[in-house]
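Presented sequentially are two complexes of chain A, the first with chain B as partner and the second with chain C.
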Partner chain A sequence: MRLLHAVWTDMRFQWKHGFYLVYVLVTIIYLIILSFLPNDILSVGLPLVVFSDPSVLGLFFVGGIIMLEKMQGVLSVLVVSPLRTIEYILSKVVSLAFVSVLAAFAITGFSSYGSVSWLLLFLSTVLTSGIFTLCGIMITAGCNTVNQYIIKTVPYMLLFVLPCFSLTGFPYSDLFTVIPSVAALRLMLGAYMGIPLYEAISLVIYLTGMNYLFMRWAIRVFENKIIYQN
Partner chain B sequence: MLQIIHLKNDLRQILRDPIMAILMVVPLLLIIAFKLMVLYLVPFIQALIEFDILPYLYYVFVFVVIMCASMLGIVTGFMMIDDRDGKISELMSVTPLGRNGYLINRLLFSSVLSVFYSILGYYVLNVVELPFVTILFVSLLSSNYSIIIGLLIFTFADDKVKGLAFAKAINSLTLFAFTDLLALKWLTVLSWFFPPYWITLVVQTPHTLLVYGLALLVNFGWLFLLIRHYRKK
Partner chain C sequence: MIQVKNLNFTYTKTKKKAIHDMNFDIHKGEVFGFLGPSGAGKTTTQRLIIGLLRNYTGQIEVLGKERNQWGKDFYEQVGVAFDFPNLYNKLTATENLKLIGAYYHKKINNPDKLLDRVGLLPDKNVRVESFSKGMKMRLNFIRSIMHQPDLMFFDEPTSGLDPTNAHIIKDIILDQKKTGKTVFLTTHNMTVAEQLCDRVAFIEDGRIVVTGSPKELMIEHGKRRIKIEYQLDGKLLETEFDINQLAENKAFFDILKTADVKTIHSCEATLEDIFIKLTGRNLL
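Let's look at the complex of A and B:
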């Protein structure tokens, strides 16, 4: 119940700060651009757009959210409230994943793309969003300004984005699937282009496990650096 | 004199903070990345598709100019939000520098760098041939655009989170530089009211004076409205 309240509060906060409005605008712009792509390019372009923007929006926004809450003293109150760290972090992950899913579904639904596995699209967006939001929480723990945060996200982005090029295919490129972003992109491409069931299930299990690990790690970093300020 | 002392302090502050220093050189990395793209990716794409993309390469220059300006504007905008949160801008308003002096100081930095990176981008990318006056004019528009972005973020975002949402939305303005490619009449008409469109048009038609005039009108119109909003606040 506490978690639900926290998620609801975060969603209201995001609404108030214009996240939904911004993503309506971003979706419209993507739809305009995508409508000009021929079908063969759209089949690659659409998953890449959904993966590169809505799915990673958590990384972009969570830093600002936590820094603002730190500045407003919300985190000091959190320490003495019944809300546990895991619930606080989970509420950020869930609420930002909600925006991601809405944007991903809107971009896909309104584009002229043929058949899509909506369940896989949902799972891949949620799992990708979770990983990137949790990364953002870990990065923000050591930052005092948004500019610091932006620059510190760059190495993480490179670490996650560059291996994605392995999907173009070269010897042993499958090994890169251990990197969560590559696994997530593989799953997302599968949602649009089709994927064997066993591969989809194993990717979902792997990404869920990675989300769990990132969550434990984020909790530790958050408690050490933000709550106890070690 | 006061402005110069303050600018010197700003520069010292930026150089002392490695994060800020990195952010200021990020446009240089962007220019290098796009140069490499022009050198290696363009021939690769050209070999893959039959469509001739070479006549459209000037859009790369336009994109780099707009991205450098918006990056620097966003950095400046967040710098000013941080100053506001730390009550530094309030403190500045009671010094001889004043509220306007503070604003000029902060925005001057990104605008000068935008001019520098636009000119550098032109010569490094080398994808379009323009008269020197046009290069200077494009760099002026770029500098003005960075000021517009900085002011948009600072005056309309009450806090960091709204600033991030604004930054995300502002990036969408870049689309207006490429509406000619999309050939949608309504979108082109809409683009007339946004500064990025005019950067493209000046590069496309460097010998049409009317375009220069309209570009100035739109760009300084935005600047005027934003400064008026800042003063009213």
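Let's look at the complex of A and C:
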């Protein structure tokens, strides 16, 4: 019940601060760009655009949300309320995954793309969003300014986004799948281009496990750097 | 309600020892004030009891259990108001109360009644971002008591408030005390401490210098004299008399009979005088 309420509070917070408006605008811009792409480029461009939404945008959005909460002092109230750290973090993950899924479905639905596995699209978006939201929480926990956050995000982006290019035919690309972002992109590409069932299940299990580990890690970082500041 | 024994605390990063072998008790239904200048250790002690700092040595027993044994359920029974506004700026006053209130098991007191008490009812549907600091502090304050906690922590509860609103907040604290609630407040405002606290502790450099009721401390450290200010032959004069021999003091009665008395004051010490006397330091 507390968790549901926390999710609702986060959604209202994001709505009131215009995050959803930004999402709508970005989605419209994506759709306009995609509408100009020829079909052969669209088949790669669409999954990449949809992937960038929960990952790159998600990473910056969660940073922005937590920085706003810090600046307004709301975090100091939440830590002295019965809301558990895990509930606070899960509410961020769920609320941002929700808008990511809406955006992913809207972009895909309005694009003239062939058949899509909506279930895999849903799972890959949620799992990607979770990984990046949790990373964002860990980065923001140690930042006091937006500039600090942007600078600290760069290494994470390099670590998570650069290896994704290994899927463009890089030798030993399978090895890179151990990096959660690569696994997530593989799953998302599978939603559009097809993927063997065993591979899809393996990726979902692996990404769920990584989300769990990142969650434990994020709770630890959040408690050390936000709650117990000494 | 709270028992602190041999409490020591050092900040990990700065290695600064902030609390030195501190001992005090706070009883149920008591308003206890922690007084001292900035950096004395008031907020650190409060944060240790609230549970926002770990790795202390010694004992902090609060609500019947050692502090580090408590989980998040602790906050169901505790209300905290910090000395700075911390509200959802884009939400209204009512929304702020309802959103945070929903995290508690206890039913939230009628929000309108609380808003009315601190003069915010006409602004209940106004976004907090347009509130003055005083309005935000009042909203902050009622949010900390809306779930009817048994134990409350207030850090400079009247900070940023005009005298009228400061009076309202002080009245609410006294009302809470009447219903058996316990209040731990930190302040460097001696008037607030004198008006609200059953007992106060002076703290300096992380150590408690003295503990006692404000009245007792003021009498103990004051002079047993009275000061009389009067007008005689067009001149404003002032004389002090010993309280002990006042009944037989002819000069005192002569003044009362012949002069135009302006003021009469007893010479007990102020809390600020006592603090300076005991520590050699100012409170600000």
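Please note the rule applied: the second predicted complex is superposed on the first by the 226 of 230 C-alpha atoms of A that agree within 3 Å, B and C clash if a C-alpha of one lies under 4 Å from a C-alpha of the other, contacts with A are read in each partner's own complex, and residues count from 1 in each chain.
The criterion applied here is as follows: contacts are C-beta pairs under 8 Å (C-beta built on N, C-alpha and C of every residue); 3 or more make two chains touch, one makes a residue touch a chain.
Since the model is a prediction, treat every value here as computed from it, not as a measurement.
Of the two partner chains, chain C is the only one that A:Val77 touches; chain B does not reach it. Contact with neither chain B nor chain C is seen for A:Ile205 once the two complexes are overlaid on the shared chain. Of the two partner chains, chain B is the only one touched by A:Ile150; chain C is not. When the two complexes are overlaid on their common chain A, residue A:His17 makes contact with chain B and with chain C alike. By the touch criterion defined above, A:Ile227 reaches chain C but does not reach chain B.
Legend: residue contacts after superposition of the two complexes on their common chain; A:His5 is shown touching chain C, with no touch to chain B.
Chain A uses residues 13, 17 to touch chain B in one structure and chain C in the other.
Put simply, chain A touches chain B in their complex at residues 13, 17-19, 21-22, 25-26, 29, 32-33, 36, 57, 60-61, 63-65, 67-68, 71, 145-148, 150-152. Those residues of chain A lying in contact with chain C across their complex are 2, 5-6, 9, 12-13, 16-17, 72-84, 227-230.
Contact residues on chain B toward chain A in their complex (touch as defined above): 19-20, 22-23, 26, 75, 78-79, 81-82, 85, 159-166, 168-169, 172, 175, 182, 184, 187.
Note for the complex: chain C touches chain A at residues 11-13, 50, 52-55, 72-73, 75-76, 78, 80, 82, 84-91, 95, 99-100, 102-105, 143.
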